[in-house]
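Labels run A, B, C and D following the written order; every chain starts at residue 1.
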Amino acid sequence: MSTDADAIRHWWRTSIIEMEPGKIAFRGTPIEELIGNVSFPQMIWLMVRGGTPSEAEARLFEAALVAGVDHGPQAPSIAAARMASTCGLGLNNAIATGVNMLGDVHGGAGEQCAELYYDISRRLDEGTVLINAVQEGLDNWRSEYGKIVSGFGHRFHKPTDPRAPRLMALVRAAASEGTVSGRYTDIGEAVQAELGRARGTPIAMNIDGATAVIFCELGFPSPLSRGLFCLSRSVGILAHSWEQMNQGGRNKGPMPPRFLPEYDPEDHSE
Amino acid sequence: MSTDADAIRHWWRTSIIEMEPGKIAFRGTPIEELIGNVSFPQMIWLMVRGGTPSEAEARLFEAALVAGVDHGPQAPSIAAARMASTCGLGLNNAIATGVNMLGDVHGGAGEQCAELYYDISRRLDEGTVLINAVQEGLDNWRSEYGKIVSGFGHRFHKPTDPRAPRLMALVRAAASEGTVSGRYTDIGEAVQAELGRARGTPIAMNIDGATAVIFCELGFPSPLSRGLFCLSRSVGILAHSWEQMNQGGRNKGPMPPRFLPEYDPEDHSE
Amino acid sequence: MSTDADAIRHWWRTSIIEMEPGKIAFRGTPIEELIGNVSFPQMIWLMVRGGTPSEAEARLFEAALVAGVDHGPQAPSIAAARMASTCGLGLNNAIATGVNMLGDVHGGAGEQCAELYYDISRRLDEGTVLINAVQEGLDNWRSEYGKIVSGFGHRFHKPTDPRAPRLMALVRAAASEGTVSGRYTDIGEAVQAELGRARGTPIAMNIDGATAVIFCELGFPSPLSRGLFCLSRSVGILAHSWEQMNQGGRNKGPMPPRFLPEYDPEDHSE
Amino acid sequence: MSTDADAIRHWWRTSIIEMEPGKIAFRGTPIEELIGNVSFPQMIWLMVRGGTPSEAEARLFEAALVAGVDHGPQAPSIAAARMASTCGLGLNNAIATGVNMLGDVHGGAGEQCAELYYDISRRLDEGTVLINAVQEGLDNWRSEYGKIVSGFGHRFHKPTDPRAPRLMALVRAAASEGTVSGRYTDIGEAVQAELGRARGTPIAMNIDGATAVIFCELGFPSPLSRGLFCLSRSVGILAHSWEQMNQGGRNKGPMPPRFLPEYDPEDHSE
């Protein structure tokens, strides 16, 4: 082949997949050896970071994937996907509509929380004691993201998001069995304690705080806390899009047609 | 260059733009000669189909672009874009969310109506008289799309969508001045008359029926009725996304947080 | 609550999720009982159609999910997601970009193939013998979709797509163990045989043909063959987006910057 | 109506559109008075910020909209939209695919540059002299966005992007006629001069730097520099999607099928 061909092939180089006619291999393993032999969570792991988790690691990973699948039609991502599926779009477009909305505010909390945990961990590595590392980590995090710490508290599930204690119990058990180190579990709980202490009343860890603990324990870089959440939430987005298709409706708006948006003559656009 | 380079360059061949360092030309005209000399509608015309419309054609084209910019937050595309802009996304993502929803049901009526008009026109070319061409065209169209004819009637604007009569007056005037032939204006009104006759009560032409008349008069292939509508509606989608950003809110759902979706234990998913 | 509140709550009714502060239940089961107790594939099953598959059913389902995760950067969905991740977007936007592209041509083959299998199955129920049901089903399918039958043959993997034989071996084994009936396995192979007979040379079943067999054996409605494929392919889309983020690059185009698209002065836009 | 109805209507309040059956008004003006009487750029202005520009303002605004329509298939947004239109998607989905990609890196330069200009302008208001305001503004901007200043230089158009000088000539003329103040024109050129002085060789203003001058002169808040660019670029995205539909192809990848991505066994995902 010419150097031009090499250049264009190199432009699209990848370590994930090797393909030739009749051959598909992922990170070195032929697909036919993976099908039926690895679980779907193991395959996700292999694809996004390489390697194969142990059974125990895969179970913990799987719990986090199961936990985040849905938060109902009050969530803009779910509502939008349901509306999309009444506009003459395919399920692929409806899923994309929902996933696209998982931006910094709607889907970024896990990633932001993982950044906090990793930052505290680095401070521990440098010899700072836990309580100081937590306080310094929080200060540093808030200088970038603001006062409200992602992963803690919930505007809806008060006092407790039922997913978080269950996930924390599983990761605690995994730490006691040696599956994970427990470092980020300690960090997460220390952050929770510090936040409660500072405001004078306990605060709950939410699902983003708990899944970030798990993804950090398993060694996933922080942006993947968001990426993996997107895979998880895609399940609920698909389920709701499909339910809406079966309910029917055409051009479903946010409220029944007899309710009209309020017209407010004063311009608030600037 | 090698044949490989030629192949890859040919893979991305285009008649729209010629680019070299320091040079950008659209369909043969340097960009610096277009900026300040052609109107935005003329530029749209040049880009999507080539050539430059006369001033009179451009005015008619512009009227159709102006007419379709928005239908308020009851429309799922607008509601979704407003929700998206509270999820930590940029305006580009919010616009994409809205435009993506303009599928067959939400954004395809103009295209479907243009198909009907062109089909009737072909029957006229073959010597069929207008009333027969309309009836045969409607039969043919309904065998593909069903009973409800796109472009006529409105579930909300009863009895009349205020945009349609205004657009039809403009295209009638353009026909009388010789800007367009008037053929599709006649066809559109004949379809409207036939639909009213068949059901025994008048039916209004809606904005999709009227813009399709204009786009057909101006010679745009039917899929562009949808494409141009997307450009037009993007304006409203941007305006609403931006207004919502200024209103504020985080993860805006379809209704205020104190309203929860009804849980219906019976499964309707299949 | 008022009837207005009831109306708006009913507008967003769902059988999938029940939510109250501190409570999340999916199709009647609290989330904390699902986390750690059901596998991710079981959770997907519960969400999109309700009920819980047996272990054996879940394994077969899982094999189909594993099989479809990726087809490399030659696929437009993967290439677009990689490009998106260099444009200043989050992983959520990159995933959405890729999934959005899985339209009728790129992601619809499984759904179309499942429609064929179900149609043939209905003919069997009405007493038609298999070979006739297959021929009639193919005729019917082609009148809607055209000559090339989705699910069979591959433009790249010649002679055999390595995923299909592996999946078919698993579903055959599941049928012999009584996990599934084997009806759609028979139908799939009969279609394959008939297509080969008609053209005078064998044709391979591809991954879409094989996963459609599995999803039909497990009772999923045909549109979910596409929906589930989207979940599966999201894994590859995420993996590639993330790899590209780590490779770096800004505004990655389809070829290295030194290659320019060929300018073809002749207009092909209509 | 009940307070519940008021609440839900208020949730979707807007100053942009007032709708009742048979009535559509934008910021107080009935749509039928706008159609045929305002230009498309005037309508865009009315929708996104309210008010109507003078003819001279509208011409300048229009020049900026015309300038940004396309940058060819080397741009990831255009390439992705062309690929999307071969995957069985509608033009709405193809446009959305392209616009979605106009993120911080691909579509955010105008917004970032407008922030710089407005920051320098505020320093002038506070009495700082121009050269100092420029240097302080650049320092401040770089502390957020990094060394490379958006709006200046071009990796492809060397030495000059042909769009920028044309736009700057138009805004200079508009300033001399009193249409705009000329303040941001001065600021833009002072930034350009300072950047050239600091690196010891002249640097060109690019299209983002020039359109940001225009949008600032016309008083648009900085995020709208991105929003308006999205409207402009949508034109090229539509034109290319449509051209590709007419060229044909199915599942168009980034390079002809005979070129395969290079497989690089070393894992670069982390």
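Criterion: contacts are C-beta pairs under 8 Å (C-beta built on N, C-alpha and C of every residue); 3 or more make two chains touch, one makes a residue touch a chain.
Chain labels with UniProt names: A, B, C, D = Citrate synthase.
A quick note: this is a predicted structure, and the numbers were derived from the prediction, not measured.
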item	value
Minimum number of chain-to-chain contact steps, chain A to chain D	1
Between B-C and A-C, the pair with more C-beta contacts	A-C
Fraction-based call for chain D against chain B, same above half, different below	same
Chain separated most widely from chain C, comparing mean CA positions	D
Interchain centroid distance [CA atoms averaged], chain C/chain D, Å	37
Geometric centre distance via CA averages, chain C-chain A, whole Å	22
Distance from the mean Cα position of chain C to that of chain B, given in whole angstrom	31
Multi-chain contact residues (two or more partners), chain C	4-5, 8, 12-17, 19, 48, 72-74, 79, 89, 93, 96-97, 100-104, 107-108, 156, 239, 242-243, 247, 254-255, 259-261, 268-270
Complex interface listing, chain B residues touching chain A	1-5, 8, 72-77, 79-80, 83-84, 86-89, 93, 96-97, 100-108, 155-156, 239, 242-243, 246-247, 250-255, 257, 260-261, 268-270
Chain A contact footprint on chain C (complex, rising order)	4, 7-8, 11-17, 19, 21-24, 26, 30-32, 34-36, 38-41, 43-44, 47-48, 59, 62-63, 65-67, 69-74, 79, 82, 90-93, 95-97, 99-104, 107-108, 156-163, 165-167, 170, 223-224, 226-228, 230-231, 234-236, 238-243, 245, 247, 255-256, 258-259
Contact set on chain D toward chain A in their complex	5-6, 8-10, 12-20, 27-28, 48-50, 89, 93, 100, 221, 254-255, 259-270
